[in-house]
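Same chain, two partners: chain A is paired with chain B first, then with chain C.
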Partner chain A sequence: MSTNKRKLLNRYHVVFLVQSTMFGTGVLSLPQRLSSLGYSQALFPLLFGVIASLSIWPMIWINSKYKNENLFRINEILLGKWIGKSINLFIVLQFTLFLAAIISSYMNLIQTTALPEQTLTIPVLFFLLLLTYIVNGGIKSVARFCIMAFFITIPMLYFLRWAIEKGEMSHLFPLFNYNGHEFFEALRKGYLSILGYEVIMFYFPYIVNQKKAYKHALVGIWISIFLCFITTLVSVIYYSEWQLENIEFTVLHLFKAGEFSFIERIDIIGITLWIFLILSTSAGYLWSAKKGLDSLRSKKKKYHVYLITIVIFAVVVMPIPLESQKKLFEGSYYVGYLLLVWPIFLSVVHILRKKQVQQ
Partner chain B sequence: MNKKGRHVVLVKNLKFVRSSIGVKYQKKAQSEVGNSTKAEQFINDLKKHTSKMNDVIFKKIPTSESVVTVIYSSSLVDKITMQLMIFIPLANHLNQIHQVAEVIKTTDVNGISSKLISGQTLLYFHQSNLLLSIDTYSAPTRSITNTETESTVIGPQDAFTESLETNISLVKRRIQNPMLKNEERTIGKETNTKISILYIDNIVNHENLERLRSRIDHIDYPAYFDISVLKQLIEDNPLSPFPQYYMTVRPDTVSYYLLDGRMVVFMDNSQDALVCPTSFLEMFISIEDYYNRWTTASLLRMLRFFGFFLTIMITPMYISALTFHPEILPYELLLNLQESRSKVPFPPLFEVLFIELIIEVLREAGSRMPAKVGQTIGIVGGIVIGTAAVEAGLISNILVVLVATSALLSFLPPIFLMSNTSRFVRYIFILSAGLFGLFGQMLAFAWLITHLLRLNSLGTPFMTPVIPRKASDLMDSIVRFPIANLKEKMGISRSQKK
Partner chain C sequence: MNVKFIILAIILAMAFLTGCTAKEKKIPLEDVGMVGVMAIDYIDENSLKLTVAIPQYSPEAKEHTQIFSVTTELVSQGIVDIEALSDKKVVLNQLRVVLLNEEFVRHGKARGIIKHLFRNAEVGNKVLIAVVKESGEEILKEEYPDKPNINFYLNDLLQPSINTAFNPNTNIHDFIYTQTNPVLDSIVPLLEKKEGKIEINGIALFKGDKMLRSLSKDDALIIQALQGRKKLAPLYINLNDNNKEEKMMLDLINSKVRMKGNKSMDSPKLTVSLKIEGTLVEYKGEREGHLSTHEEILKLEEDINKEIEKDISKFLETLKELKVDPIGLTEKFRMHYHGDWDKTMTRETISKLQWDIHVETSIVSTGTLR
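Right after this comes the complex of A and B.
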């Protein structure tokens, strides 16, 4: 990637980068995560959208104060070298684990549906090779890949048509049929599905029009939220409450309702096309992790990407017991929340520092 | 007294005159000998220099002014031109030669030999040690004919030939605009090939032009025999299987691109013209789309564009459906396929590879065979081998249909290089489908998209319609809007005029 922070990402790149990192693996099980709400979960993604739009504001605010630095450098500047570097190391590790979690869950899904007789080592290897190929082209290549992934996978919305046909519209009402406990549980579990927009803190220096970055990021967020909304709507129409709670990959089973005359199981096509969405999400995170490693060691090396990829491969393929692997991945999901509130903390530190300097 | 006296006087006079003439003659002879030794030396030096070039001819011709040696290379000069330009003026009006010719220093041996080998005639005046040169290059060239590789049904049918001047004249008669500029360069130390860069000065983007110029000036390759060699040296990504510049033999295509703000490179002794920069979508556009009506043109463009993706997906789908996901196919189709595959002992991957390789062999052999034998073998190979293989149970007949369709589809792009690329890319898809089924196919598809997104054509991104630079670009992409709406230049050329 370029050593100088050339402005590479115009507004379409920003919109689709934000959109793609949000909409990837989480959506597959979104209705199941919100299942504590039962049928009233249809409007929930809109609430998530509001929360996302509010929480992205501190991120963009703190980044616009340090126009040419990504979050790793801002950490070092605001919190001092050693604390900043240790936080950065923590972020890099968290991203690596998060990537391993995404890839492992997607590959397990592929193994159960599309490739039942295959061991996963070699498909994971090829997937990671392709991922490094995308990331080696730089953030612009990642952004353009996200745009292409969006346009290639959008026709899959057509597959939802049969679910609407076969479902019951009456499931949608009544709308607010839950209590506070269920509400918070759904919020806690479901919000994980749309995490991803915090990656903007890492590619902010490359954006051309930084003043309007908030507006463009909002467009990206709301495109994802709209797609999630359609997903929950259709799954509420199609499934019963018991199914919502117990089927883990609800979106996939929605595809199973499809009937073409010349193809039987379109969920296989759906799940293999999903690779584009997984790739676009993972590419964003891998690129940020690479930048983190670059800033930790204060020099840019080509093999940083390969280093992170090898660690991911090891975590995915290693024969650790399934339970502990699951716990590890769940932990990394929840740490993602920490990254959401981090910019608020940083903004407070920044304001305090400014006051100190002024005094 | 009268006659004898005069006679004697005459004789005396004559003797005097003769003796004085003799002196003069001796003096002139001496100076002539002096000059002639120098001239002879020069001619001998030149003969030694061109000793092994048997087609260099030295002719000594006495003229009214002095003895002239005419030196020329008979393989590059035609007899009638020599008569008209050299021998007739030498005999009759010598001033014409002096007016038209260029003076060369006799000491510049390298300059002299380079002029000889580029088809110029040298005239050496012995008396005055003067060396003149006249351009008489008139080697035989091919006449302007139809194109075989890029033919269209309607529209002009002429194509470029191997002569640089003919090609440039074919373009200049279509764009009669004083802003059409032509820059010439000589490249290649061993071949000294001439190339010409054409562009329209008030439309082209000068940054692109500068980039092209600097690339051509910086390459250091000894010999060029075709413009494809130059193309591969100035490409941005020489390792990619995709061509990044447009190559064409049609003058109407070249003039269309020139008017759109691109640059065109011609090479002497090369039939193709190189157009840069270009985009992925333009590899599927033929100039005939602008001669057809917009509905036909849109239909054909969509066919070509989606045909490219179909041709790389059909046979891999067959492999992945039969090997990994038989549940994808509906019951009757599955039954049909299994019936046709009932005698085949190989797994689908090997079956497909086997027949794809046979088709490659047929295609390649058919293009190398002499025309008289080629047709028979093609028919024999295609029909007999195909039918016999199916009967013998080596391949299934549904597969023959699929492979034949995909082979036909691969010839859709108007650029031959792109069809060759689709042949190569198809093998990657076949292998990945054979390894991981539909998952492998999507992996290969994602690889293809990423690879195309990383390509550059003279610095501009190759997959331009990912984000169209101008909204008007979409009016002339996969669907072509009526010509009255297509007045603006394409965004990729970043031209000065919009």
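Right after this comes the complex of A and C.
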């Protein structure tokens, strides 16, 4: 493969990299996370889309000022070697935890639905092996995998048919009956589900057509947002408000609504197919984390990927009490929000230190 | 060289270490007992009687179904107890029907049990629920000589079919949905054991989590019609005024319902318009032989309209009295209401509800004879 060339990603790669890193485990429980809004949540993903479109702009802007550097290098250039490196270390740790959180939540779901009689060690191991295989191929291989994952999983939209048939359309009538507190709770919990587009700050230097990157990223974002929108829409039609609030993996139960004459349990098929989406999401993050480790140690080593994977494996499989594991993961989610604001801060620093840096 | 050595070492290690793995505990399919029907009977506040029917595929067995019955406090504990009686590992993956007896649901215990099944990932959401009049255990243990197997029989009986279109086909999701949706009260088909047969004998109407009373098939059909079911069961109509008695049967082709609330909470009023299309399949009465002209048909349609309007009105009156809403009439008011809607508001709205019903019947054909 053409791994030696610097510019690797064409526009389709960019669109689907952005799209697939956003669309992972979060969507499975998105309607539950937005449940403080009740039935009014149906339109909420569109608001997320607007926020995402606005917040990706500073990311692209700061990156376009340093066309050949990723965020790790930009941190070092703008904030100095030591501050930059410690921030980078922080980001790598956050990504590692975030990955562990994604994988462990999906694996728990698999355990409760598809493999109730097994421990998770072996499935997690195989998952991580596959993941390192994808990531070792470089960012282009990740992007290609994302495209494949998208087209393999998109037919699952058909599985929503039965839920729509059965649902009550009048739930959709917009009432906006929520207060500010409920609104912010939904925003805080729900926005996690669409995180992932910020990874563009790390593969930006590889994009061929950097001037149009914003446009392509937007296409990716809105594909994801549209899918999230369909998810909440169908959930609102199909469920009662109590169910929205109490069913943890809402999408799983949506799939349970139907059956073919030759397949009884569509939910199991849907949930196991979902592994493509989890793989594509975590591949993006793992690749970025690996780049981070490269830049921390200032040399490229293949075993960096394995190092991170081993840490993830340990966090997922180690007998850490569930309670503290949950807290750890939740912490990593909220730190993820910081990464959205970070480019704005960097832009300010960039404007202030423009002359100094360019010398 | 080095890589080859590592691979060799791994293969060797794998070959020798296979002896150390724990013995495989996967159970072959023949040894899995898949519960098809589960019946729950009321004993007292704390305990219940759990009966399950498991198909027996072994050709040596004389009976095709294994029935086990235990007294227990929890369903899953009961399953474990049944496993001790059975030669197989009992699983719930193939559960199709859950029967609850009337006493059990009248005591308001149904919600807890169904919620347990809803939570259980092994159980699909398409499991059908039915209430039985006396004892679920007896229904399972009864002989049905002309039926292959109680599992198939009950499942097929409760599946949607045109002639039992009054049957709400309540499955686990529907039950939880109607239980937790403040604008709805649950309805579940009601079964009764006859000699060698099982009959769907109307539906059980819930108020909150307790069963309130049973409703006849005709009332159940009105519920289905007003909920907007497209294909309805053949409609029996008895026009009975001025000492003239006319009986007829309408095969319904299509029905369409439109409901509109007046958005007022103080004097809620609902406009219902129901359009039904059907063929007149059988007629008995004094207009027999005169029904060939268009005018006559129109007149008959008019009479049918009035009759159905009267029936619906009477039924809604009953609902108003009982303060229950199995149809979801109050949804038309909730969707315009700002703020949280709860069950007490549903009760209040339905007790104040006024309505205006228009039925439009059109008889498409009267058969091929003139």
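Here, the second predicted complex is superposed on the first by the 348 of 359 C-alpha atoms of A that agree within 3 Å, B and C clash if a C-alpha of one lies under 4 Å from a C-alpha of the other, contacts with A are read in each partner's own complex, and residues count from 1 in each chain.
Assume a contact is a pair of C-beta atoms (placed from the backbone, for glycine too) under 8 Å apart; a residue touches a chain by one contact, two chains touch by 3 or more.
Every value quoted in this text rests on a predicted model; they were computed, and no experiment measured them.
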- Query: Are chain B and chain C a fit on chain A, or do they clash, once the structures share the same frame?
  - Reply: fit
- With the C-alpha centre of chain A at the apex, what angle separates the C-alpha centres of chain B and chain C, reported to the nearest 10°? 100
- Message: Contacts for A:344 in the overlay, against chain B (first) and chain C (second): which applies, first, second, both or neither?
- Response: neither
- First (chain B), second (chain C), both or neither: which does A:125 touch? neither
- With the two structures laid over each other on chain A, which partner does A:230 touch: chain B (first), chain C (second), both, or neither? neither
- chain A contact check, chain B vs chain C, more residues touched by chain B
- Tell me which partner A:273 touches in the superposition: chain B (first), chain C (second), both or neither. first
- Does the superposition put A:242 against chain B (first), chain C (second), both, or neither? second
- Query: Of the two partner chains, chain B (first) and chain C (second), which one does A:137 touch, if any: first, second, both, or neither?
  - Reply: first
- Would you sort A:265 into first (chain B), second (chain C), both or neither based on which partner it touches? both
- Query: Touch check for A:77: first (chain B), second (chain C), both, or neither?
  - Reply: neither
- Classify the contacts of A:175 with the two partner chains as first (chain B alone), second (chain C alone), both, or neither. second
- Message: To be precise, I mean the smallest distance between any C-alpha of chain B and any C-alpha of chain C in the superposed model; what is it in Å?
- Response: 5
- Would you tell me the residues on chain A in contact with chain B in one complex that are also in contact with chain C in the other? 264-265
- Task: Enumerate the contact residues on chain A facing chain C in the complex.
- Result: 112-113, 116, 168, 170-171, 173, 175-177, 239-243, 253, 256-257, 259, 264-265, 267
- Can you list the chain C residues touching chain A in their complex? 121-122, 124-126, 173, 176-178, 180-182, 184, 328, 331-332, 335-340
- Contact residues on chain A for chain B in the complex? 10, 12-13, 110, 114-115, 118, 122-123, 126-127, 130, 133-134, 137, 141, 144-145, 147-148, 152, 261-265, 268-269, 272-273, 275-276, 279
- Message: Going by the contact rule set out above, which residues of chain B touch chain A in the complex?
- Response: 324-325, 327-330, 333, 435-443, 446-447, 449-451, 453-454, 461, 463, 466-467
